[in-house]
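Inspection log for the structure reproduced underneath, given as structure tokens.
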Amino acid sequence: MSAPDHILSLLLALPVLGALVIACMRRGSERAIKVLALALTTGVFLLSLLLVREFRPIAAMQFVEHHAWIPAYGISWKLGIDGLSLWLVVLTTFLTPLGLLGSWSSIEDRVKEFNVFMLLLETGMLGVFFALDLFLFYIFWEAMLIPMYFLIGIWGHDRRIYAAIKFFLYTMAGGVLMLVAFLVLYVKAGVRSFDLERLVETNVDPAVQMWLFAAFAVAFAIKVPMWPFHTWLPDAHVEAPTAGSVILAGVLLKMGCYGFLRLAMPLFPDATVAFAPWIAALAVVGILYGALVSLVQPDMKKLVAYSSVSHLGFCMLGIAALTTTAVTGSVYQMLNHGISTGALFFMVGMLYDRRHTRLISEFGGLKRVMPWFSALFLVICLSSIAVPGFNGFVGEFLILVGSWPTQRTATILASVGVVLAAAYLLWMVQRVLYGEVTNPKNESLPDLTPREFAVILPLVALALYMGVASPAFTRGIEPSVATLLQRVRLKAAQAQVTPRAEASAPPGSVAAETRP
Amino acid sequence: MSSLLDVIVQSPALVLPWIILLLPLLGFTVLCLFGEAIKRDKEDNGAGILATSVVLAAFGLAVWVFVALLAQPPADREGLRFVQPYLGFEWIEVGSFHVSMSLLVDPLAAVMMLVVTGVGGLIHVYSLGYMAHDEERVSYFSYLNLFTFFMLLLILGGNLPLIFVGWEGVGLCSYLLIGFWHRKKSASDAGKKAFIVNRVGDAGLILGMAMAWNAFGTLDTFELAEHAKNLAYEPIAQAGVVTAFCLLLFLGACGKSAQLPLHVWLPDAMEGPTPVSALIHAATMVTAGVYMVARMAPMFRLSEGGMLAVAWVGGVTALMAATIALVQTDIKRVLAYSTVSQLGYMFLACGIGAFGVGVFHVFTHAFFKALLFLGSGSVIHAMSGEQDMRKMGGLRTKIPVTFWTFVVGTATIAGLPWLAGYYSKDEILLNAVVRERLPLFYLGLFTALLTAFYMSRLLFMTFFGTFRGGHDAEHHVHESPWTMLGPLVVLAAACFYVGRLHVNEFLAPALRSPDPAELPHPHWFPWVVIPVAVVGILGAFLIYVVYSGLSARIYAALRPLARVLEEKYGFDRAYDGFASRVVVEGSAGVLWKQVDAALIDGAVNGAGRVVDGVSRAARTLQTGFVRGYALVILGGAVALLGYLVWMR
Amino acid sequence: MTNLDLRPVFPALIVALTGLAVLLAQAFAPKGRKAPAAALSALGLATAFVSILLLARGPRHGLGATTGGAVSADAFALFLQGLVLGVGVLVVLLSPSYLRATRQERGEYYALVLFSIVGMMGLVSATELISLFVALETMSIALYALAGMRRDQPESQEAAIKYFITGAFASAFFLYGIALLFGLSGSTSLGRVASAVASPGRSELAAIGAGLLLVGLGFKVASVPFHMWTPDVYEGAPTTVTAFMSAGVKAAAFGALIRIFGAALPALAPKWQPAVAALALLTMVIGNLGALAQSNLKRMLAWSSIAHAGYLLTAVVAAPRVAAEAVLFYLVGYAAVNLGGFGALAALARDGREPLSIGDVAGLSQRRPLLAAALTVYLVSLTGVPISAGFVGKFYLFGAAVGAGHVALAVAGVLMSVVSAYYYLGVVVQMYMKEPAGEDEWGPVGAGSALAMAVSVAL
Amino acid sequence: MAGIDRLLQLVVSEPFLFYVFSATAVASALGVILQRNPIHSAFALIVTLCSLSAIYGLLGSPFIAALQVIVYAGAIMVLFLFVLMLLNVRKEEPAGGRATRTAAVLLALVLAAQLGAALAGAGATPAAGFDASTASFARVLFGARFVYVFEATSILIVAALVGAILVAKKDP
Amino acid sequence: MTTIPLQHALFLSALLFCLGVVGVFLRRNVITVFMCIELMLNAVNLAFVAFSRALGSLDGQVLVFFVMTVAAAEAAVGLAIVIALQRHKDTLDLDAFNVMKW
């Protein structure tokens, strides 16, 4: 079977259609709703595997669809994927059915709405990865917020409303700045189009680039989240239901990094080069800071949330390094983080389902009570620590090797994060799994159910597979990254040749210049 | 597939290392998946037997490889890369950066392989008895198998990242096995500590690899070694890079091989089952650092600073650990510090350029230290788990086999003639003399004295005198089963033999050693080192056997010094303090509570509150009085008109 | 008398006649029976809408025709007239159940709504200041009365008097502005004014005139600092009237604003653009801040409508180039959504009560899932999150502003939308994330309201 | 005699009358805004309106002048007075809010200055042969431009009537 | 023949307008406030008439005509509102009407 035409549109449409169907179903038919949603998302996953099969490891956009949409503004329905997005797409379609399966029994209230929002969320996420038109990108970018907002706000825990609103406002604040930057770019680039591939060919004045890049960077940095824009994350993660946390950590955070790669870097090469040290610096702060704060969290979900800050710091360091090795490693690390942290959230969720608490101090000695859970939990933690042989190591290693030549100090500091990752995760493992069972409530906790195995085992298997067979993934990623960096370097070099007088003008000059 | 089969048939050497490597992994996998099925009842030992036989099979194959390697003419430089089996796929590949799944089997790897599978096999056998009654012995044996796999990978890995996989993997197994009795908090603490401290070194190793790739363009160990040849003739500009590379690598080695200042995890690691201590924390894993340094010997030779650091860190560690060992009362901790000390010797050897001798000592040490650990395990087994030497005594008659093998071990480590330790350790000291590193020689010599002393102290406190434990305990003392004694006897016998193997000569091509010109052998040398050992033993005999009250008097007299030693020079306290006070409390108190919650989130929420406050304040302008509204309109109009008229 | 081209005023004429017909039907209805005022109004509005469609078919059918140079049927006017009519239809659909629930069933209500619509239609099609003023007053006077319609509620009357006093006050300013422009050009025709303004000299007169006009129209669109009446009036007026005001008046007044400043005063643009920009900024900021502190839903929506006036003004700054389309698009989306928002509140009214406090809608999603979903869509659209009309509207608006070089204004605008998200989401939080408190005391959603809301959701 | 003649000429001359009526208008306007009693205010306003009517006449707008008296001073003000009587309005309490009043007066002064500044620049090009007769006024009013507006005012009036009824009618 | 200077008529208009404005804020009685607004409208009318004369355009006078109509209509509705208010609150004090605020 080969990929049908318009497969990307199909992938986008299926979840929405499913959501519509489910929205029309009766309230009583919870089970049918769950089955339908799971079947549908699984189907979407299988369909996305066709993308993998048909994907050719070249730099160009593939499966491109291009239809005029609002021609007056140069807006088009343009979809396509390349090495940067391919695996993130698959990650999305992979985690969504798992998320549904993982919350099979933990979501009992308003099942219908839950499934509808999950499906809409999937479309939103896929749309972000598919979009090759800035307008389209923004639409999906923001549209994704709403289902996530509801997921956190309705099915979350105690402080869910605060967390949901914080998440929404934070992300939206970044997003709208990006929107303005889109508009300015549209005006300044002079092609009167939102088509990414056309805009990339234009040369924006370096001074303007700085501002636009900054606006993009804020939006993406909030999403990543980079220090110090990260404080929404622990709250959102802690309060979100399991599936929400998984998707949030697994996919949503990646969009920040992806945004840098897909939009900010190719559009603003000069600014990219200029900002790279700063991004690297913030990334390193994030790595260390996230790890240290993670170390002392009493709440497992919060711990994992801060660990995400640390891990995503590695991704950003790789991106800031601007070498093929590092950026490829960075993309790979995004996938790894999606797998490992997703699995961690699942497992914390399983504990929560059993005990209705996430406090580390409530547990202890689970290794005796839940041997399988403990073994898999440990494996996932090791993968998250980036023990070689697991997926995380390949990503981190590529990032560090690739960052060494361009961001040496940052690389050296980042390696401290490697140590700290072991510290915070193993300390948690020790307090949760080891020791005597001190809390009588933990005496009779059941081990993993078959459904839970079905959720966790694919993730564990993938973590191992990705740890030993990375070229299967990176071969697709690398050409796109190489082309991207080549473009960045080329254009930045061109700008070096032309007089840099206006590029070094003080920031205030842009505002003055934009006035007619 | 057929081509693969052809390859196997035509040149088994290409495949054998892979089989050796994967056998333990197979064992692990089987035990993991079907372990519960194998362990049919409480007494069943199927898991252990499976694990043991897998390792022994690997040993058999390793011997085959070793023999095949011996058949190669040692001078044949091309034969260095005796086999570099390649699995046919890349592990990591991004552009020009790639890491292959390739192994390197050269003399160095072969020797280490023998040690790991041989001594490892014996320890597996020993474990059959030692762990016979443990509930979780299936996972224990699976971990041991996994460890063997990673250790072999570490040894055979053809490039640094692959070595690093093994490197971290053995660390992981060490973590699992140290914390094997996880219900004891001290055990899980020790496991965690081992992993984290190792991680510090690993960070150095990762950076070293990152640097190596960017500086030398390859991570393949063979290519790096070849590259070193060319580097020697390149401008000195590279020297700084090489030194940095060596130091980063050595940082990793310090972590794994418990050298200053990362030695603190090893004594704590004794929380694990004793066979684990013997295998991982004495015979094999901890020597990985030495192996790594030896592996990169051609690079180290280019860096004077690197060599100096290695030698002095090794020397000082050897002395420091030996002094601490003087005051330890836990039988295993004495051995642990002894291990640290011996590892220091090995680095000392490498640091003065005698890499072959260093590895030789690794080789012999594996035997005698495994012997000592297993012996101590037998003692502990006999004592029903008691490890405090102050509660032992007079055991020589009760567990004679253990006693006599232990005597051999002690004599070996003390460096008495005809035993393995004499050949390897004294060769190190000899090298220090002939290479004119006299300070290091004296350091080593003094350490040798201390070694003989504290090992004899251990021996005498345990086996001589009268039993100091309770009556019940005395009643329970019993000799260990044959599965445990067998390996002891084998290892003791080996101590008489392995010292005569010319391991360092065999290794020379792998280490790219300069042509082994015959070292001058000062004839006074044996007359210095043997008496030193004898003096140490006799001193201990006098203090602990003849005048048994003397030790307490000496202890009282040297109380301040003893305190320092008992405090282990304060390393643990300082590190714990740093970790709990600075890192944990700093993270919780400053970063989390203040920076994150108060500052950043405070700023965010504060902005919200300010907006809210402004909003509430602005609300009060809306007084509800309609003329107020009109006034605002008027004011607005005036302002607007004012702007339009006067602002041009 | 020359033969007058009456085609441009034809739709308005239909609406006016319908209004009279409603009155007559009321007068001659048999005792004890209600005249089908709502149906009649809806029919009339629909007919007018059709006539606009006919006019819009092309120049041959009347597109671009003018009635005596005072009223023009250009595309701009027709579009806005259509919008106003659409608003009217929806309001008329929403009204019966609301009036019944609040015991306000009066035929005059529909007549006044229709007359007000006539005024709005005149406002957006006038090309001459006198007819513009008369249309403005027709619209306003009907609304003054509508605002004060609920005789049982002091709030309603208070709203009426506040609206009336401030409205008349602002009208006087507006009128003075007309006087000055007349004094400048000798004519009230926008075209003549434009040429007079463009000629050199006497710029103070033109500037002050423009400023005064801005005061008057700023009042109608509820721009800061001429906005103070809005919260009180929106709160006090019957909810359907509020919906009508927030959607219709704003659309019509913005139509007039763009026409005056785009057609008559472009020469003065460098002078008034910064002023309008300042107004836009103030309006966005204060509108959103004001809404933030509200717990009364109608009041909150009132403040939010002020904020939206601010967004719209950013595009006016960019006039006369691209702004018109942007504003028009935004107005459509905004009108639909705002109508829907107020309509949802109106639809819940029963027994003279309606949901006012934000707590009143707690848990609505469980009692009225569809209504809650609809209201959510409105709120999301008001926030301007994508795949809603509000987003596309904002996109055009800020696109226009950026295109004209007002990046700072666009930045302020988008940041303020973030602030607005906070209070809009507050309502969503109540509906979806809180449990309903107390008895279910809100009325069932009437069919007409349902239809009206469905239409606005679809938009 | 010449002096008296001159004086007489002055008295009946348009500017003089204009100033006289202006003064009256301003004075009575002050009366409107300063009187406590609304009825007094209403009377003062009538005086203002009548003075304005005279000024309209002086400015050559006889028809408007007539309308002013008939519609404004007559009809509208009578309506006001009627309502005042109807509601039996008491004398107003001293108005509070000194700050508001002060601010209003100051702002009004500024506004006056601004308007003055603008009006000072108003072009005075006296048109020759300005025909402000009622007939020509009618031609303009019922001309193509305004006839529609004129008709539209009927809607305005109806709306006002209906609105007034809607608001003020007593509940049945 | 001496004519009335345009500016003087306009200044009078501005003065009356501002007096009306001030009146709105000085008086509390709704009807008086309303009358002040009428005064403002009249001031504008004066400006129209003056301009009309000065520019020789009758548009201004037509406007005055319409303004008067509007004023009448406003008066009708406004006074109706006043009556309704009086009925409810028994006062015409403008400051008494502030149920709704903030």
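Per-chain numbering from 1; labels A, B, C, D and E assigned in written order.
Operating definition for what follows: a contact is a pair of C-beta atoms (placed from the backbone, for glycine too) under 8 Å apart; a residue touches a chain by one contact, two chains touch by 3 or more.
Source: prediction; values computed, not measured.
Peer 1: Chains touching subunit A and subunit C alike, please list them.
Peer 2: Of all the chains present, those in contact with both subunit A and subunit C are B.
Peer 1: Starting from the Cα centroid of subunit E, hunt down the chain whose centroid lies farthest away.
Peer 2: The most remote chain is B.
Peer 1: Please name the chain that ends up farthest from subunit A once chain centres are defined by their CA atoms averaged.
Peer 2: The chain farthest from subunit A, judged by C-alpha centres, is D.
Peer 1: Count the C-beta pairs in contact for D-E and for C-D, then report the pair with the higher count.
Peer 2: Ranking D-E and C-D by C-beta contacts puts D-E first.
Peer 1: Determine the centre-to-centre distance between subunit A and subunit B, using the mean Cα coordinates as centres, and give it in whole Å.
Peer 2: So the centroids are 37 Å from each other.
Peer 1: As a quick test, compute the distance in whole Å between the mean CA positions of subunit B and subunit C.
Peer 2: 78
Peer 1: How many Å are there between the centre of subunit B and the centre of subunit D, using C-alpha atoms for each centre?
Peer 2: 103
Peer 1: At what distance in angstrom does the C-alpha mean of subunit E lie from that of subunit A?
Peer 2: So the centroids are 64 Å from each other.
Peer 1: Give the residues of subunit D that touch two or more other chains, as numbers and ranges in rising order.
Peer 2: 97, 100, 103-104, 107-108, 111, 114-115, 117-119, 122-123, 146, 149, 153, 156, 159-160, 163-165, 167
Peer 1: Two or more other chains in contact with one residue: find those residues in subunit A.
Peer 2: Residues: none.
Peer 1: Residues of subunit E that contact two or more other chains, please.
Peer 2: Those would be 10, 13, 17, 20-21, 24-25, 33-34, 47, 51, 54-57, 59, 62, 66, 69-70, 73-74, 77, 80-82, 84, 94-95, 97-102.
Peer 1: Dump the list of chain pairs that touch, please.
Peer 2: Pairs of chains that touch one another: A-B, A-C, B-C, B-D, B-E, C-D, C-E, D-E.
Peer 1: Considering only the defined contacts, which subunit E positions touch subunit C in the complex?
Peer 2: 10, 13, 17, 20, 24, 30, 33-34, 37, 40-41, 43-44, 47-48, 51, 54-57, 59-60, 62-63, 66-67, 69-70, 73-74, 77-78, 80-82, 84-85, 88-89, 94, 97-102
Peer 1: Touching subunit D in the complex: which residues of subunit C?
Peer 2: Checking each residue of subunit C against subunit D gives 1-2, 4, 6, 9, 16, 19-20, 23, 67-71, 106, 108-109, 111-112, 115-116, 118-119, 122, 128, 130-131, 134-135, 137-138, 141-142, 144-146, 148-149, 151-152, 157, 160, 176, 180, 183-184, 189, 202, 204-205, 207-209.
Peer 1: Once bound in the complex, which stretches of subunit A touch subunit B?
Peer 2: Interface residues on subunit A, with respect to subunit B: 166, 170, 228, 230-231, 289, 292-293, 295-297, 324-325, 328-329, 365, 367-368, 382, 387-389, 393-394, 396-398, 400-405, 411-412, 415-416, 418-419, 422-423, 426-427, 430, 433-436, 468-471, 474-475, 477-478, 482.
Peer 1: Show me the residue ranges of subunit C that touch subunit A in the complex, using the header's touch definition.
Peer 2: 380, 383, 385-387, 391, 395, 398-399, 402-408, 410-411, 414-415, 417-418, 421-422, 425-426, 428-429, 432-433
Peer 1: Subunit E touches which residues of subunit C in the complex?
Peer 2: Contacts found on subunit C: 129-130, 133-134, 137, 141, 144-145, 148, 151, 154-155, 157-162, 164-165, 168-169, 172, 175-176, 178-180, 182-183, 186-188, 231-232, 235-236, 293.
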